[in-house]
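As C-alpha cells, here come the structures.
Paired with subunit B in one complex and with subunit C in the other, subunit A is shared by the two complexes that follow.
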Partner chain A sequence: MTDLVATQGQARRRRLGSKLDFSRWLSWACFAFLGLVVVLALFGPLIAPRDPYAQDLALGLVKPSSEHWLGTDDLGRDVFSRVIAGTRTAVVGPVVIALGSMAIGNVLGVLAGYRGGRLDSTIMRWADLMFSLPSMLVIVVVAGTFGGGYWLSVGLLIALTAPFDARIIRGATIEQAPRPYVEAAKSVGLSDTRIMAMHVWPNVSPIAVANTCLVFASSLVSLAGLSFLGLGVSAGTPDWGLMVSEGRSLLFTNPVAVLAPATMIVLTATAMNLAGDWVYDRLSAQGAIR
Partner chain B sequence: MSQPLSTQSGAIRGTSGGLNVQKLRIERVGPHGAHTIVSEISLKVEPGETVGIVGESGSGKSMTAKAITGLLPPAFVASGQAIYNGRDLLALREREWQSVRGREIGLVMQNPFTMLNPVVRCGKIIEQSLRRDVRKRMNRRERRSEAIRRLAEVGIDDESVVDRYPFQLSGGMRQRVGIAAALAREPQILIADEPSTALDVTTQREILALIKSLQVARGMGLILITHDLRIAFSMCDQVNVLYAGSLVEAGPAADLEAEPLHPYTHGLLLSEPPADRRVAELVAIPGSVPTPDSVAGSCTFAPRCGWVRPECTSGTPPLRIVGDGRMSGCVRIEEIRPELAAHRARAGGTAVPTGSPGRVNTLITVNDVRKIFQSGGRDVAALRSVSIHVGEGEGVGLVGESGSGKSTLGRIIAGLERLSSGSIEIAGIDASDRSKLSRKDQRSLRSSVQMIFQDPYSSLNPMRTIGSTLQETISAHDPSAKNVERLVAELLLSVGLDPEHAQRKPAALSGGQHQRVAIARALAVKPRVLICDEPVAALDVSVQAQILNLFSSLRDERGIGYLFITHDLSIVRQVVERAYVMCRGSIVESGPVDDVLGSPKDPYTVRLLESVPRSSDDWLNLGRS
Partner chain C sequence: MGLSGIAYFIARRVLTLVVMLFVISVLIFSLLYLAPGNAVDILLGARPRTPETVKLLTEQYHLDEPFLAQYWIWLKGALHFDFGESIQTTLPVAHQIKERLPTSLLLAAYAFVLEMSFGLLFGILAARKRRTGVDRGIVAISVVGVSTPAFVSGVLMLFAFAVQLRWFPAFGAGEGFMDEVWHLTLPAISLAIVGTAYIVKHTRAAVISVLDQDYVTFARARGLSSVSVMLGYILRNSLISVLGLSAMILSFLVVGAVIVETTFSISGIGQLLVQAATSQDLPMIQGVGILVAAIVMIANLAADLAYLAFDPRIRLRSAK
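== the complex of A and B ==
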C-alpha cells in the first residue's frame, strides 16, 4: 500500500518536473532568438552574404538554391540578405515605440494613481478620448496626409499607445499607494516625487516591463502593416513588412520571399511576448506585486 | 523510532469510525528539487475525541489538514497513510474523494471572508452542501426549512439569513454559515483549520464554544488546528505540537499544560502571557521558525533551544514515550525536566508595572477628537469625542476590537489621517491640521511621533534593500548627516539585527526581522513616542515576545514611550502602565492597567477579559449564545 502511494507520488513528481523543464527550455529559446535578432539588427549588413540592394535583373526571380538560400525577388535581390538587413528597421521602430510609450505612460500613470483627484480624472479622461479613436485609421489618415514616413508612423504609434500604458500603470499604482510602506515613507518625511519614483514605481515596474514587451510585439506588427500599406519605410528598403507587401504578387512563384519575413515577424513578436511573461514572473517573485 | 509507532498502531485495532494518520510526509516539488513541508506526522482521532494540532506558521499544520482532505495544491505530494474506515485516503482518486469529503470528513476553513461564494445566498450554500439523496427527496420549501433548521443548529435564529448573501453578514456569522455547510453531510470527522483566527476575540470564543458543543452533540471526531496553545488546551483532549514539519510533543491537553515536556512547548507556553497578571519575565524564543529542510537530520528545535547539546544535532530524535500517554521528541527531557520547571516558576511570577502615571510630562494630548468617514453617501462616525494623553517615556495601551476606532485614532496622531473636529497637541505644537504648519513644525512633529504598522511584510518596500530604506530615512530627517552607513549599522544593532542585513531585501527576512527593520526605520528620525498599531498581531507567537521585549528595552534605555494599539489584553497587560479601552469610537474605561484589567468597571471590558482563552472548562460554557 505504502509502495503504491510512493510510486504515485514519484510519477506525479516526474510529471511536474517535465512541465517545469519545458517552460525553462521555452524561455531559453525565446532569449536565444531575441539575442539573434539583436545581433542581426546591429550587424545585419555585415553578416548578409550579399548586398541586399543589389539587383540582378538578368537573373530575375529564382527559387531557393544553394546560391540564393531563400531565392530572389522579381528584381533579382537576394531574399536571405534582405531578411537579415531588414531586421534593423523592423526592430528599432518597435523599441522606440515601446520605450517612448513606457516613459510617457508610466509618468502619467503613476502621477494619476498616486495623486488621485482632479489630476487623475484629467489624465484618465484624456486617455478615454485616445481610446475612442480608431488608431489604425488615425495613423493612415495622418500619415497619408503628411506623405508617410517611418518616423512619423513611430511617433503616431507612441502617442496612441501611451494612454494604454498610463491606464495599466495607474491601476497598479492605486493598488500600491495605500500600502503601509508608502505611508511609512510619508511619515518619515519623504517628498511625494521621491516616493513615486523610488517607492511606488519599482513596485509596479514588473507590470510596466511586461507591458512594454507586449507593446513591442504589437507595434512590430503594426509597423509591418503600415509598411505594407506604403506608409512606413520608403519603397525598396529591406524591411520585413515591406517585403511581405512587395512579395505578395510572387506568392505562387517564390512563396519563400513572403513567408520568410512573415515568419520573422511572428517569431519575434511571440518571443518578445514570452520574454515579457518571464520577466514579469521573475520580478514579481522578488515580492513586488503579491 | 519503532517503539512509539508500534504502540500507536497497536491502538488502531478498535478504530471503526476513527481516522488514523501514519507517517504522513508532504513535499513541494519545485524547479530546484523537492522541499519538505512536513517530515513525518502520525496521529489518530476517535469519534467524540478532540485532537489539536498546534504549530506556528510554516510548521505544516494547514498542509496536514489539506493532505487529509485531499485538497493539496498541484505542486504538493503526500506520502504515508491516512486510514479511515479501512481505506487509505491518500491513495484515493479525485472522484473517490467526492464521496469522502463533506460526507465523512468536513472542513472548516480559516478565513470566513473568502470561503463562502459571495454571489450565492446563504440558504443556497447550505442546500448545495446537503447530501444529494437528501436534497433530491425534498421539494423547494422543505429544502428552505432544512436550511433554516441547519442555521438554527449553528446558532443563527434569524430566518432571513437564508436569503442574504455572505458579504451582508459579519465575520462570526459567516463562520457559522461555513460550519453549517461543513456539517450538512453529517461528517464523522470535522477538521477545523484556525476557525477563529480571523475573528474578533469575543466572537472567537462564541465560535469555539459552538464547535465544541456541536462536536459533543454529534459525537464527531474533531481535529482542531491552531497556533494558540491556550485555545488547544481549552478545546482538546489530545494535543500534538508541530514544529518545522515534525511532531515535537504529544499528550493529553491537561498534562501538557501542567508540564510541557519539550523545550519548544515550554518556550511557547511562556511566550503566551496570561491576561490576569503581569509576569516577571516575558520569555522569548530567539530566532525564528526554520524550514524543515534546514533542520533535517537533527532535532528541529536545536538551533533555538537553550538546552542544546551535541547529541541533539546527531540524527533526528524520534518521538518517544516519556510518561503516561506523553510523547516527546526531546532526547534530554529526563535530564532537563527540573530545570524547565524551575524556569517556569521563575518566569511565571507576578510583577508590578513600573512608573506611576501622572508623574511624567505629557507629550501627546488628544482632546475631544471626532472622526467621520463618508461611506456610500452615509456618515460613519469612527471616533466620537475621544480624549487621551500620553506622557514622555510612558507605555500606554489602547485596547479594543476591530471597528472600535483604535487604529483610526493612532493614524490621526501619526498624521496619516485628518480629524473631523477636536484638537491634538504634540510636544507643544498644535497638530490638529498638519497641512497648515510650517515645515519646521512638521519636521519636529515627525521626529516626535513615528508609527509602527501591523503588517510587517507590507510596511517595507519589497524592491529596495533594508540599507537603502534606512539611509533614505536618515537623509530625509537630517540631510547633513555624515557616515550614513555607520548610522544604518548602529540602527540595525539597536533593534537586535546583524548590520549585514543592510544588504538584503525584505523577502529574505522573516516576519520578526521585518518588524525590527520597521522599528529601526522609525528610530532613524529619533522619535519620542512610537504609535504601534497591533505590532505583533501578524507575528508568530514565539517571535511576539522578542518584539515586545524590544519595545520595553527601547523605553528603558532611550526613554521612547509608546502608544500600544491592540486587541490582545494579555499583551497589553505585559507592556503598558496605563490603558484605555475603546468601544465603538469612544473610550469606555481608562486608568492604570492593573485597575482596568484587574477590576474592570465597564461591561465591555468585562466581556473582553472573559474572551481571553483559558483552559478551564467554564471558558467554553456560554450557556446559549
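== the complex of A and C ==
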C-alpha cells in the first residue's frame, strides 16, 4: 500500500517536471543553508576571523572593508565575526526548546489521546489555559520579575510550547487508537505503556518530526525577540537579536551591522519553516501522515 | 431551545473567563513574593532603605497583613484600576497606562485593518490563480513573512523608508490624528506582516476548499456574476475559517506590539511593559500584565461570539 502511494507520488513528480526542479532546488538550498548554520553553531568561534568580543575603541565604527568584511560596530567589534559567533545562541536554545517541548508534548499527547477520559480533559484544559494567553506576554512578565536570562526564556518557551505539541499529537493518536493493530497488540496482552511507546508512537512520530521543525523556527524568532528586548542573553554577548537592537542607532552609519544579523534570523527561520513543510509533504506523500 | 442553548454557551464562556482571570490575577499578585529578594526591597527599588521608607511601604502595600488579605486588598484596588505606584517613576501605574493605552490601541487597530484587508486580498488572489506563478509567489512571500519577526521587519523598514528614502518619519508621535496615523504607518505595517502571512495561508486554503463546492458551481450556473459569487458565497464562507484564527491573530498583535513599540520607540503600553520588565518594576509589570491579559481574553470572547453570530451551523450545533 505504501509502495503504491509512493510510486504514484513519483509519477506525479515526474509529470510536473520543471516546476519540481525549482522546489527540489529550493529544498536543497534550505538544507545546505541549515547545514552551514549547524557548522557555524558548532565551530563558530574557530571559524570567525577575529575575536567577536574584542573591542577596538580607537578604531571605532568603520564601514565594510577588506579588513572587516561587514565593518565594525561603535565599539570597534568585528560584525562578521559577531554574526558567526552569534549562531550558537541563536540555534542552541531553539534546539533545546524544540526537543524539550516535543518530548513533553509527545508523552502528554499520546497519553491523552490513548487513555482519554479524565486525564485527557485535564491535559486539554491545561492546554486551553496556555492558549488563552499570548506566550510572549507571559515570558516578558515572568522574565521581568526574575530578572530575565537566556535559559529562563528557554525554560518558559518549553512550558508554553508543549501544550501546542500535545494537542497536535493527541489528535494524531486519537486517529490511531481504534485501529486493528492496536487491538491486536492488546489481545496479545501487551501493557498499555508498551503499546503507546512501541506501537502508537512510531505511527504519530512523522507528525512530531515535522512539527519539531516548525517549533524550532518559531522559538528562534521568539528568543531573538527576547534578546532584542534585553530580556534574553546578557549584554555584550554576540547574538543576532541583541545585535539588531544594539545596531539600531548605527542605521545611519554602518547599516550592515543591523542588516547582517537580521538577514540571518529571517533566512534561518525561513529555511527551517520550509524544511518542516518539506518533511510534512514528503511523509504525507509516503502515506505516513494522513 | 435554540435561544437557551446560546444563552448557556455565553454564560459558560463568561464564567470561564472570570475564573481564568481570577487564576491569572492570583499568579500575577504572587509575582511579588516569587521574585528573588524581599518584597520591601523590591518595592524600594533604588531608594535608600531607612526605617521610615520601610514603614511607609509596609503601610502603603499592607505588607504586614497575611498573604490572602494582601491579595484581597490588591484585587480590590485592581478592580478600581489602582495598581500602586511605579518604582521607577513613583507615578501611579494606572495613570501611565491610561496615558499610553490609546496609542497602543490605535496601533493595534491600524495593524488589524492592514492584516485583514491584505491577508484576505492576497489569500483570495492566490486561491483564484492556484498553481500559477502568482500563487507560488504569494505563498513564498508569506513563508518569508511568517519567519520575519516584527523587530527585524521594523528595523529593515526604518532603514529603507526612513533612513534611505526619507518617506516616513523615523521617530516621534506626531501632532493631531492624521499625523499620528502617519507616524504609526511603518510600525503598523511591521506589526501586520506576520498576521497577514497567516491570514493569506488560511484564506487561500479556505477559498480553495470552497471553490469546488456544489453551491458555488450552482451559483455560477444560475448566471451570477463572478463578483457576487466571490462576495456572497466564497468570501462569506472563507471568512468563517479566518474568524476561527482570531485568537491567534490577536495574540500576534499583542506580542508584536510589545516588540514594535520598542523598535520604533513608540510610547505605548508595550514599551511600558518592556521598560518595567528590564528594570524589575513590579507594580508596573503587574498592572500592565493583568490589564493586557484581561483585554486579550475579553477580545477572544468577543471573537467567539462573532463566530457564533456569523456561522448559523455553530449556533445550531450548540443549541442541540
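The rule is simple: the second predicted complex is superposed on the first by the 267 of 290 C-alpha atoms of A that agree within 3 Å, B and C clash if a C-alpha of one lies under 4 Å from a C-alpha of the other, contacts with A are read in each partner's own complex, and residues count from 1 in each chain.
Convention: a residue touches a chain if its C-beta (ideal position, glycine included) is under 8 Å from a C-beta of that chain, and two chains touch if they have at least 3 such contacts.
Note that the structure is a prediction, hence the values are computed from the model and not measured.
Using the contact criterion defined above for the overlaid structures, shared-chain residue A:43 touches neither subunit B nor subunit C, since it reaches no partner. Applying the stated contact rule after C-alpha superposition, one finds that A:181 touches subunit B and leaves subunit C untouched.
In the superposed model, A:255 lies in contact with subunit C only, and not with subunit B.
In the superposed pair of complexes, A:221 makes contact with subunit C only, with no contact to subunit B.
Judged by the touch definition given at the top, the superposed model places A:205 against subunit B, while subunit C stays out of reach.
More residues of subunit A are in touch with C than with the other of subunit B and subunit C. In the overlay built on the shared chain, the residue A:135 is in contact with subunit C alone; subunit B does not reach it. Using the contact criterion defined above for the overlaid structures, shared-chain residue A:24 touches subunit B, although it does not reach subunit C. By the document's definition of touching, of the two partners only subunit B reaches A:189; subunit C does not. By the touch rule above, subunit A contacts subunit C in their complex via residues 129, 131-137, 140-148, 217, 221, 224-225, 228-231, 241, 244-245, 247-248, 251-252, 255, 258-259, 262, 265-266, 269-270, 272-274, 277. Considering their complex, residues 20, 23-24, 28, 31, 34-36, 143-144, 146-152, 155-156, 158-159, 163, 247, 250-252, 254-255, 258-259, 262-263, 273-274, 276-278, 280-282, 285, 289, 292-293, 296-297, 300 of subunit C touch subunit A. Looking at the complex, you find that subunit A touches subunit B at residues 1-2, 4-6, 8-9, 12-13, 16-17, 20, 24, 179-181, 183-190, 194, 198-199, 202-203, 205, 286-288, 290. Those residues of subunit B whose C-beta lies close enough to touch subunit A in the complex are 27, 29-31, 34, 74-75, 77-81, 88, 90-91, 414-416, 442-443, 446, 450-451, 453-455, 458-464, 472-473, 476-477, 505-507, 518, 521-522, 524-525.
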